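The two complexes that follow have subunit A in common; it is paired with subunit B in the first and with subunit C in the second.
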Partner chain A sequence: MSLLDRFRRTSNVADPLVTALQHALAPDRVRNDGAERSLASHDASVFEGGVSGPVCFPTSTDEVQRITRIAVEHDRGIVPRGAGTGLAGGAIPLGAPIVVSTGKMNRILEVDIENRVAWVQPGVINLDLSRHLRPRGFHFAPDPSSQQVCTLGGNIANNSGGPHCLAYGVTDAHVLAIEVVLPNGDVVLLGGLDPEPGGYDLRGAFVGSEGTLGIATRIAVRLTKNPPAVRTLLLSFAETRDAAQTVSAIIAAGIVPAALEVMDQRMTVAVENYVAAGYPTDAAAVLLAEVEGLPAGVEIEADRIAEIGRANNATGVRQAASDEERALLWKGRKTAFGAVAQVAPDYYLHDTVVPRAALADMLEKIYEICERHDVIVMNVFHAGDGNLHPLLVFDARVEGTLERVHAAGAEIVRASLDAGGVLSGEHGIGVEKQGYMDELFSDADLDHQNRLRQAFDPTCRANPGKVLPMGHSCADIQALRAVPTGVWG
Partner chain B sequence: MDLKLDADELNACVQCGLCMPHCPTFRVTGDETLSPRGRIRLMREVHEHDAPMTAEVVDAFATCVQCRGCEPACPSGVNYGHLIETTRETLTRAGKLTPRWTRLGFFALAHPRLLRAGSSVLAVAGRLRLVPKRFGVPRDLPLRRRRHHTSGTDVYLFTGCVMDAWQRDVHQAGQRVIEAAGFGVTPTGSLSPCCGALQAHAGFTDDARRRATATIAALSEDDRPILVDSAGCGAAMKDYGHLLATPEAEAFSARVFDIQEWLAERIDRLPAVDPLPMCVAVQDPCHLRHVQRVHLATRTVLQPFVRRIIELDDDGLCCGAGGAYSVMQPELAGEIRDRKIRAIDDVDPDVVASANPGCSMHLAAAGVNIEHPMVLIDRALQGTASAGGR
Partner chain C sequence: MSSLTSADEALHAFAADVGEADPIAVEGGGSRWQTGGVLHETARLVSAPDGIVDYRPEEMVITVRAGTPVADLCTALAETGQRSALPERGGTVGGAVAVGENRLDLLGRGPVRDSVLQVRYVSAQGDIITGGGPVVKNVSGFNIPKLMVGSLGTLGLIAEVVLRTNPTPPASQWFRAAGVDPVAARNAVLRPSSVLWNGSSTWVLLEGHERDLEHEITALATIGDFAETEGPPAPPPYRWSLPPAEAAALHREVVGDFVAAIGVGIVHADTAQPTREVDPGIAVVAERMKTLFDPTGRLNPGRNPNA
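Presenting the complex of A and B:
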């Protein structure tokens, strides 16, 4: 059905599902107009083809539970949505399910500094939490580049990472307990505040489940103390390979930096054009390295990193002289994905992880693949853990481009897996990467993953059609579930 | 529907969402329809896919404060200002957005006597509590105004419309400060009664162009700098080059400076005096911070004259005033203001400094003690710190 038709089917259709939802929440917190549904059908990925049912804005666990029960009654799917910044299409609704936006579940419920725990609602923005904790000297460690807008619910569902996860670990290491509304409407608490809660680690199963096991409605996160001292270095290189080698050498030297981020020249030029932080635009690659800890220690480590850089042919080494300078450098790195539009209006990226030792070769391979497919590539990546983000930038309006982009992307994934890597470092599988799951996992692996899914959600109501490929999930059952025609797109 | 948008400007948005938390309407509603990414997506649906202009879509555009907080936040350099202005112009022409009768109000803006008469009526009505509070009109509008006087020809001081009627004392404070730095000032007064900013905001772009042409004609006898102490007017006048797309307009826009921006370069020329014994929180008007991007000048010029400057920890989020926004969308404007007031309360200043009449009135209406930075500097220069006011 065309977009236009979807728009035409607007709120004036009195649908019993919508009426029930409005009755359970409030009329103005259930939106069924074309505008709202069209927005809920997209996230930050290039995936088109989502079709959203009514969009709900609950404010409490209780309301999420009511929505879920209505979904059961009306036999509809249900898709949680945070800020919609996912890059794998995780929040994109398939088959006109009810979309549950956490936009109004954005309260920080309790901060317990003594025990280093905070209870939050899932719609709290990642950076808002750290900002709230700043006067008390704490923060939430996982810092996805999208942290100024993405939500903690989304972070948990994707087990997101960020530049500083090199030292602190990804989201999973910072979540203690999760209150979840299960797809049948039951409310359970997974995990707990005890360091070693007994029983199976269901909390661990939920983290990274991309909305397919239920909706997180309250989250207990671990708070991390702000480091007493930080040093940030910017190293530039005439060869990308030298940057990659420097990264390996730093780790090999036993230094555990808080962050090690690399950008190649195209990326650096775009970023510098936006932030004007003094990134060298003539370097083939730049390495942003950060060390944290006690003042004396960071001095020594910063000097060591500079030394290692020089030994690996760094053409420039600069240390941020002030907090402002440091913030500006990070602002550049963290807005990199957005800045690519200066080159072309669309981007498609993969998120594979390769062993650090394979980084330099892998980068060369990526350039080679993209050149062969006549696709522009911009590289920015979490070098410390080998997590690549090759951004293939293009103009979707030009016929045939998307096919070339996907072909190049597929080759990059294959090359990464061949190099002993994995499919997704942090962005999740969603709908975008589903097709590659077969290549990474055996049939038996996938069947067991599906059994876990079924244990939580036997009818495949939660975020139907995601993560597990067709044939290995109840996605096919879902696809068969009749969507009433004439009402939904 | 053809929204008359530039295809490349529209396509510059990659839907990354980084702008969303910088949008006041998204912040208070958590609803993506009321966010920059959402509005841009809707423009696309309407413009490129011919989606119908439903009430909800119109509402998404009508509720945009046009604070442009989304612009500096956008790493792709999306020119949201152009997109929303063009969209609103098209909708207004089609009779879908700003009701035509409001044009009458805008007519008065360009006619100083009518405006001042109207304003005096409002002043009386306000004192008699006849104006509904939700209109946000201050209850203590001036009944009498001191006449403008010219002290020289070094610079123009642009006095504008509503501000001249309601806050002429701010102009006069600004003039004294510039004079104290050793420059002669010509207040523009009825020479050039209105810059057209509010008209442009509302989508009456033809009216705005007429105002721009008249303003340029009136102030182009020589090429002296034109200082503006209202952030909204300054932003509009710096944009004449784009609005009219003529070389004269470009040249004119290059002569326009925010008064603080201009003074910051010459701050050494002001005498050293005792600073006011006050901690001042700076509330950056959006059109100073996000559009003109010269808000740092406020710190430079205030620094020597107050005890301490305090920053609000809200990334310069809009206060909800937005020209006529607080009248057209009182509910959202109120929620946005509440958020700003919480940010102000968090730092507990003696006074808040804001260089835009709209923001001042909107915040003052909620009980915030707020002054134009020029008024504070003037007070320090006069040594009337402890007297506490005008």
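Presenting the complex of A and C:
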């Protein structure tokens, strides 16, 4: 069937499911054309094989509830979708489920300074919230590099992190309450504005559950006061190992900076070509360290960090002299992924965590693995958390490349586990790492994770076929993946 | 790898002790024995294994068995200038995690629920289950550790946890003033570790570098006559949890003597908190959770954190 045929076929047939959805929302907010569904079948990962059913654009909790009830009646899966920037395939629909886009649920509902929370709809963009709060002296602490586009619903579903989560904690620490439409259509409020809401911490279980426990429709996030003083240091090293060791030494000295980010030479060169942020291109690695708080403590810690860097062979230590210089350094760091496009057309961004003390060895291992598989690797990562982001760059048009990229990636993941680490620090499991789950967890461990999931979703309706591997999932993953494109009208 | 090795004999012995059939409960320090209901007398009492398994100050993580007294944990951490979020009141680590109550200086220490990175528990089926991971950042699968914090041992009997630790600040001092607005005091400083209020006096705990403290004291002086004091007031017996703004608006005429953690919402009062309605939708999920984890209801029978 040609693409055009498929488009005609899928858009014109009066499917009772589509009719019901259009009736419940508005005809223009339920899309069933091939173009929209193809868009909804992908996220920012390299994974193919997603098949989307109708794509809905609700504007309220009430509409999400109606969609969910229709999904129950028609026995269809349901997949929440934010900006689609996820890197583990979390938002990729399997088995032609209804896709619920939060794109039109993007209002900041209330800023409650007294309780230091903001109530937001899930489609609010991360950076928009912090911009909105800035004049009042607050911000939302988790700052993923994708913050200009990713949504708070996605942040919550993936328990996202960002450079400044080292001191402040990842998304989970900043979410107090979540209104959720459960997979059976019930609307509940998980957590609360009070510190010990009592009962099982279902809020905590929901954060990081990758859309498999229901759809977040309203979220209470914690506001963080903007610090009066900030110091940003740039340390350069002739050896990558020294940068990694400096990171371990800073933490070991009892300093928890706001951020500790490392980039290797290939990355700084790409960044400099892209935005000219002022990074030295002759260093094997650079460490961007930021401390914030009150003026005196910030001075003391910045000096200590510089000292520790020098003791670990830093070849250069520079402190950003102005807000502009500081902003430019961060711009370089946060556009790193955009910068790689000049190196090769495609990239695969990995995400694993190792104990901080293992960073130096792990980096060497990554270079060795990639060299062996003849794949170019660039590193930019949240070093303070031990959260590695090896970026494998390639040209997918060259035959056999993708296979080598996957082989190298698999070795990197396994090496991280061998070093005492875990599968993912912030991108989640999605479909990407399902196959590794049994290397980190026992059968009984996975069985208990499935129990948690089933308590929320006994029929396995929400984002079916994700996170838990075959044999431990309540969904029939094989059947979900077997649904060919265009089967569902 | 976080999977359990057979070498971990203490945990295997605990699992064997728990078995898979009869009603059972873990005896901790007994400091919160009545929380969440009265234990059925049919329940057999067991003790969780104790001892510090692995402490890596440079990683800021510690692996500790559930039966270890919190006091021992504190001592071990203090030797390397660190501390944790767990409250010290004579109990065990497992008990503190299972109850999930926070310290009054939560602003400085962080909540208990954020400090548990990995948990190992013995399930109702007698298996040792691992949830989470031993590193400070992790989204590998469902968040079992969060579920265990505050579960009162009704979903699994906690055997071992990996906790996040934190450096102890170089300087620390309590201050007290009468007749000031506690919310203004909280807002005057950047990161107080605790602000307590009893309806007439305000206590503020400042921690950090010596010179930062001087800076914060100057800020406090603009709103009241704060003087150094020994420590926080003794908290009345009943524990409440309120949105921070409500805690700041409490009156003695209504609740009797109280000590409220401003900016947090934990309140200790002379009277019990009025019972809160459990949302029926939440109750369904919570009950299903209990049934899935513990089909025969053998774990801590009589206790229910969701009631």
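Here, the second predicted complex is superposed on the first by the 468 of 489 C-alpha atoms of A that agree within 3 Å, B and C clash if a C-alpha of one lies under 4 Å from a C-alpha of the other, contacts with A are read in each partner's own complex, and residues count from 1 in each chain.
In this text, a residue touches a chain if its C-beta (ideal position, glycine included) is under 8 Å from a C-beta of that chain, and two chains touch if they have at least 3 such contacts.
Note that the structure is predicted; figures quoted are calculated from it, not measured.
Q: With both structures placed on chain A, which of the two partners, subunit B or subunit C, ends up touching more residues of subunit A?
A: If we count touched residues of subunit A for both partners, the winner is C.
Q: Of the two partner chains, subunit B (first) and subunit C (second), which one does A:129 touch, if any: first, second, both, or neither?
A: After superposing on A, A:129 lies clear of both subunit B and subunit C.
Q: Going by the contact rule set out at the top, does A:386 touch subunit B (first), subunit C (second), both, or neither?
A: The answer is second: A:386 touches subunit C but not subunit B.
Q: Between subunit B (first) and subunit C (second), which, if any, makes contact with A:363: first, second, both or neither?
A: neither
Q: Which partner does A:259 contact after superposing on A: first (subunit B), second (subunit C), both, neither?
A: Neither partner.
Q: So, does A:349 touch the first partner subunit B, the second partner subunit C, both, or neither?
A: neither
Q: Touching A:84 in the superposition: subunit B (first), subunit C (second), both, neither?
A: first
Q: A:44 in the overlay: touching subunit B, subunit C, both, or neither? Say first, second, both or neither.
A: Touch partner of A:44: subunit B, not subunit C.
Q: With both complexes overlaid on chain A, does A:141 touch subunit B (first), subunit C (second), both or neither?
A: In the superposed model, A:141 contacts neither subunit B nor subunit C.
Q: Contact residues on subunit B for subunit A in the complex?
A: Residues of subunit B touching subunit A: 11-18, 20-21, 29-33, 38, 41-42, 45, 49-52, 54-57, 60, 74-78, 313.
Q: For subunit A, which residues are in contact with subunit C within the complex?
A: Interface residues on the subunit A side: 112, 114-116, 158-159, 161, 165, 169-170, 172-173, 182, 186-190, 192-202, 204-205, 207-209, 225, 227-228, 248, 251-252, 254-256, 293-297, 300, 353-357, 382, 385-387, 417-418, 420-429, 433, 437, 439-442, 444-446, 448-449, 451-456, 458, 467-468.
Q: So in the complex, the part of subunit A that touches subunit B is made up of which residues?
A: 3-4, 7-8, 10-11, 31, 33-36, 38-40, 42-44, 57, 83-85, 101-104, 106, 123, 125, 127-128, 131, 146, 148-150, 270-271, 273-274, 335-342, 345-347, 395, 397
Q: Would you tell me which residues of subunit C are touching subunit A in their complex?
A: Touch list, subunit C to subunit A: 1-4, 56-61, 81-82, 100-102, 106, 110-111, 113-114, 123, 125, 127-131, 133-144, 146-147, 149-151, 155-156, 166-167, 183, 190-191, 208-212, 214-216, 241-246, 248, 261, 263-266, 276, 278-279, 281-282, 284-286, 288-289, 292-293, 305-306.
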